[in-house]
Amino acid sequence: MREVAVVSSAVHQVEALTFTTDVQLMVPLINQARDSVGLTQDDIGFTCSGSSDFLAGQGFSFVQTLDAVGAFPPIAESHVEMDGAFALYEAWVKLQIGEVDTALVYSYGKSSPGSRRDVLAVQLDPYAMAPLWPDAHSVAALQARRLLESGGVTLGQLAEIAVRSQRNAVGNPNALRASADVTVDDVMADAVVADPLRAADLAAEADGGCAVVLAAGHRARELCDRPAWIRGIDHRVDAHGLGVRDLTRSPSAALAAARAADRAGFEADAVDVAELHASSTAQVHLLTGELSLGDDVRIDPSGGSLAGDTLMAAGLVRIAEAARQVASGDADRALAHASSGPCLQQNLVCLLEGE
Amino acid sequence: MGSLGERTAVLGVGQTRYQSTRGDVSIAGLVREAALRALEDASCTWADIDAVVIGKAPDFFEGLMMPELFLADALGCVGKPILRVHTAGSVGGSTALVAASLIQGRIHRRVLTLGFEKQSESNATWALSLPQPFSVSINAGAGGYFSPIIRRYMARSGAPELIGCMVAFKDRRHALRNPYAHLHQPDLTFDQVVDAPMLWDPIRFSETCPSSDGACAMVLGDEATGDAADGPVAWVHGTAMRSEANNFPGRDEVNPQASRDCAVDVFSQAGITDPRSEIDAVEMYVPFSWYEPMWLESLGFAEPDRGWRMVEDGSTGMDGGDLPVNCSGGVLSSNPIGASGMIRFAEAALQVRGMAGDHQVDGARRAFGHAYGGGAQYFAMWVVGADKP
Amino acid sequence: MTGVPDERGRLRADLVIEYPFTRTTGPVVGAFMTGLRDGRIVGSRRTDGRVFVPAVEVDPETGDAITEIVEVGSTGVIETWTWVDPPRPGSPWEDPHGLALVRLDGADTPMLHGVLVESADDMATGMRVEAVWKAERVGHITDLKGFVPEGTGQAENSAEGTERAVDETDEAVRSIRTPIRLEYDFIPSAAAQEYLHAYADKRILGNRSPVDGAVFVPPRGVDPRHGVAATEMVELAHTGHVGNFCVTHLPIPGRDDLPTPYVSAWIHLDGADIGFLGLVAGCDLDDVRIGMRVRAVWKPDEDLGATAENVLYWEPTGDPDVPVDRAGNRAWRDSAPGEVVEDA
């Protein structure tokens, strides 16, 4: 396995990018990520992005966003209609081949112009589920109730997760929901949005984007003081139907973590911090179990996706945040998680380590 | 010689019949038909597959957002990795290349890759040209975009007016030899092609591609699986992708630099210095007939402004041509958009495996697969050969 | 498609993505839909006896096909639920309702559907429910109105006349209609707002690249070749040349006002370095050519608004053509790096 590291990143998340297009959002982020390690696009060996046409309400929306890269002279480039974490995986694979040493990865999502919870219903089984238009909050609630009633977690514990996220998010400029003094009682007093979930249990919807530069081997060491080495990365998918799965589990998350750990040489629980991509506090709880994260692991030091969740970018943002923890020396080992689909159907786990 | 990384082989190919409406299957049924045929061709079962890479054009076609999630079960993918690629019209090619990279990078040993579109669930003009507020809507569909570029090519190359019709007639004749092709028009005459209504002058209806349902799949494997295969495999000799911005000063939209760069890269990996003599069969993305001479020039099969002469003198036809192009009938005869690029790549593989049936080029040893997308700005190409690189 | 300024002068418009998708079902999903039409719920049975409801065509664990269709009960038990208030746009329900995974008697997997009760207080995991049906059924998941507490559905079902005799000659359902409608609040970017507002004053704006001075129209706030922000606005001439064009013989959706054939062209304004799309008229279609000099024909002043539609079309000026090899984007090639090309 070739050594590949995250050497720089740039993130921007806000509640709504009302007067900014995707391309205008990404120009400064891509430039910031490249500039901070002294690279221009000519120095980048492979570029890969992630986005969704359905969010943009426009087919081929990524074609316009390519303008943010400065793709001339022409570049080796690809795009996934997935979260940017999967674009990063594709770039990591490309770096494994050995023909290029650097990669630019970016993704973005601007869900504020539409009703995101309803748009996401179009992801579901188009015959027997989508025509009922089950919105994303309701789907998350079905899973949360299964977890609560299976005895795995209590509403109070979910509130504690919400409080931890909001407190950790203080000082994170990309967090939409942060509070130093929020309490469990405050959260428990909130109105129920999607029974049994309260507003604070659901990830704060954001518009935003993220750009990351990857580099291999000595190139990474040249570019930054403390590269965040990707020791292991893997992703897996579960069955689609809500009825055919045990919603209290996410086997694909556990499997991705195990496979990533095989490559990394250390277990997913042997990390200092973990950044999780969850759409509800219940999912944070579920993932904590599937990834075997113990009490000594600092979970979501940035606030996690609960504090700011940009559809199509939140997973890549988790990798960027985990890498920052390593780069700054705040962590030696970090886990970043990304997910896609209803009820954590698809999961990616990335294990990072400093030297 | 050859690209870096693990040697990669095409172990199996599977295609559905392409037609306007596959009314007998669901979306899952459509993709499984191609996938199961590819598995059978590769003598594999679902359990042998390590990962799946799926591609298609805009999700609006089926009104299903990120369909890889719904299709995970149908593609035997539960508990495995699945990636979903979208690079506009080139997506079928890019998808195959992402799958190849999983082998080349030694991540997996066998990967299933698949492109599909079920265009009949909606309507191509609607899905490709969703109106955007505040923009003046005067160009309908891809034809309105590419017609001016073709006009520019005609002006600068001095090509005779009916070259496009010759390409269209040739590809429709080729399609008669391909049982999977959408358009089977045995009674079509050249005069009918010429007399077809003009849609986007200079593009006639007969010079455009149909709107198809369909899926195409391949099983790719590493060197050991390729060596162990009972039947013939196609070895990957070169892979390349290039993209450039859509509209900028100085852009050569007729012969984009991304296309030229991509071809130079892929041929160099394959050790090819004279593509015309060293390639035995070409599967090229030609959704509008004039793109055949344009790409012949861009890719280095013809001198600048002389690609049309190869069409005129029959060089690109199956009967007697020295560089048969689109023996399958090409995009002009079948166009399930998300699969169209992969069909080019898969047909190239079938040629060097000697498994192209009635549209087999005798003795083909090396073949070229090509796809492009967006405003002729996304390119994916591969060279495959009968011999291990 | 245009919009109107709000009270603060900001342009916005509704963007609606809407299509009545037709989905062909194949045999297994078709059997499920056929069952619904006939007032029955069917699943598919795996060889080990496990029954999936709704019927699935593939075993999620192995990828193998499942083809055996079996009928299950129309009563069952709620495994998990939530409460939807207000009901979601596009959903079949007009009142607040439960949404639940219901495992029907005889099924091993639960199915998603609505639960029609007064409030969340009437919902509970483990509650037994029964199906209630529409009277007019077509073979669609919404033929099932939802579930109600067991023992309370009979009145509704018989009032609706559920006992539809299954006619043996009825064909199996082969396709379903699943309309999708998504609404977006489309707000142009700040650069686009300025561009559109300038049209009301008969001004056409572009962005100038800070790198090489190239001018882009419409202004998108970016130089795509260099990937940098381009925020400087420049006003452009109302004259230019045809960089390239298409004679369209097809009517296009939403433009019933455009008689065919018509000419759409890449208009390269004097002072701009890329083209943008416009109509060419005021001359014989056969006279339109690459390099032809044109000028804007504007709407009457009283009809002007914040829209690019203010330019009705571009008509020939009669001036000598720009040479073909200097027309369009290619003109830039002839210039020295950094030099701004002024056409003609």
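For clarity, chains are labelled A, B and C in written order, and residue numbers in each chain start from 1.
Note that a contact is a pair of C-beta atoms (placed from the backbone, for glycine too) under 8 Å apart; a residue touches a chain by one contact, two chains touch by 3 or more.
Treat the numbers as computed from the prediction; the structure is a model and nothing was measured.
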Common touching chains of chain C and chain A
B
Top of the farthest list for chain A, CA-centroid basis, is B
Going by C-alpha centres, which chain is most central here?
C
With centres defined as the mean C-alpha position, give me the chain A-chain C separation in Å.
26
Interchain centroid distance [CA atoms averaged], chain A/chain B, Å:
33
Approximately how many whole Å separate the CA-defined centres of chain B and chain C?
26
Contacts with two or more other chains occur in chain B at residues 26-27, 60, 62-63, 73, 77-78, 127, 129-130, 132, 245-246, 248, 251
Touching two or more other chains - residues of chain A
54, 57, 64, 66-67, 70-72, 119, 122, 126-127, 130, 239-241, 244
Sequence positions of chain C contacting 2 or more other chains:
15, 17, 21, 23, 25, 29, 56, 60-61, 178, 180, 186, 188, 192, 223-225
Using the touch definition from the top, list the residues of chain B that touch chain C in their complex.
21-29, 32, 46, 60, 62-63, 73-78, 120-123, 125-127, 129-140, 143-144, 147-149, 151-152, 155-156, 197-201, 245-253
Touching chain A in the complex, chain B uses residues 3-5, 26-27, 57-60, 62-66, 68-73, 77-88, 94, 97-98, 101-102, 104-107, 127-130, 132, 240-246, 248, 251, 256-258, 261-262, 374-375, 377-378
Note: in the complex, chain A contacts chain B through residues 47, 52-54, 57-60, 62-64, 66-67, 70-82, 86, 89-90, 93-99, 119-120, 122-127, 130, 234-241, 244, 251-252, 255, 340-342, 345-346
Taking the complex as given, what residues does chain C use to touch chain A?
15, 17, 21, 23, 25, 29, 32-33, 52-54, 56, 60-61, 79-84, 88-92, 99-101, 103, 109-114, 120, 123, 125, 140-142, 176, 178, 180, 182-193, 220-229
If you look only at chain C, which of its residues touch chain B in the complex?
1-3, 11, 13-15, 17, 19, 21-26, 28-29, 56-65, 174-175, 178, 180, 186, 188, 192, 196, 214, 223-225, 243-250, 252-255, 258, 261-262, 264-266, 273-275, 277-279, 290, 307-309, 324-325, 328-333, 341
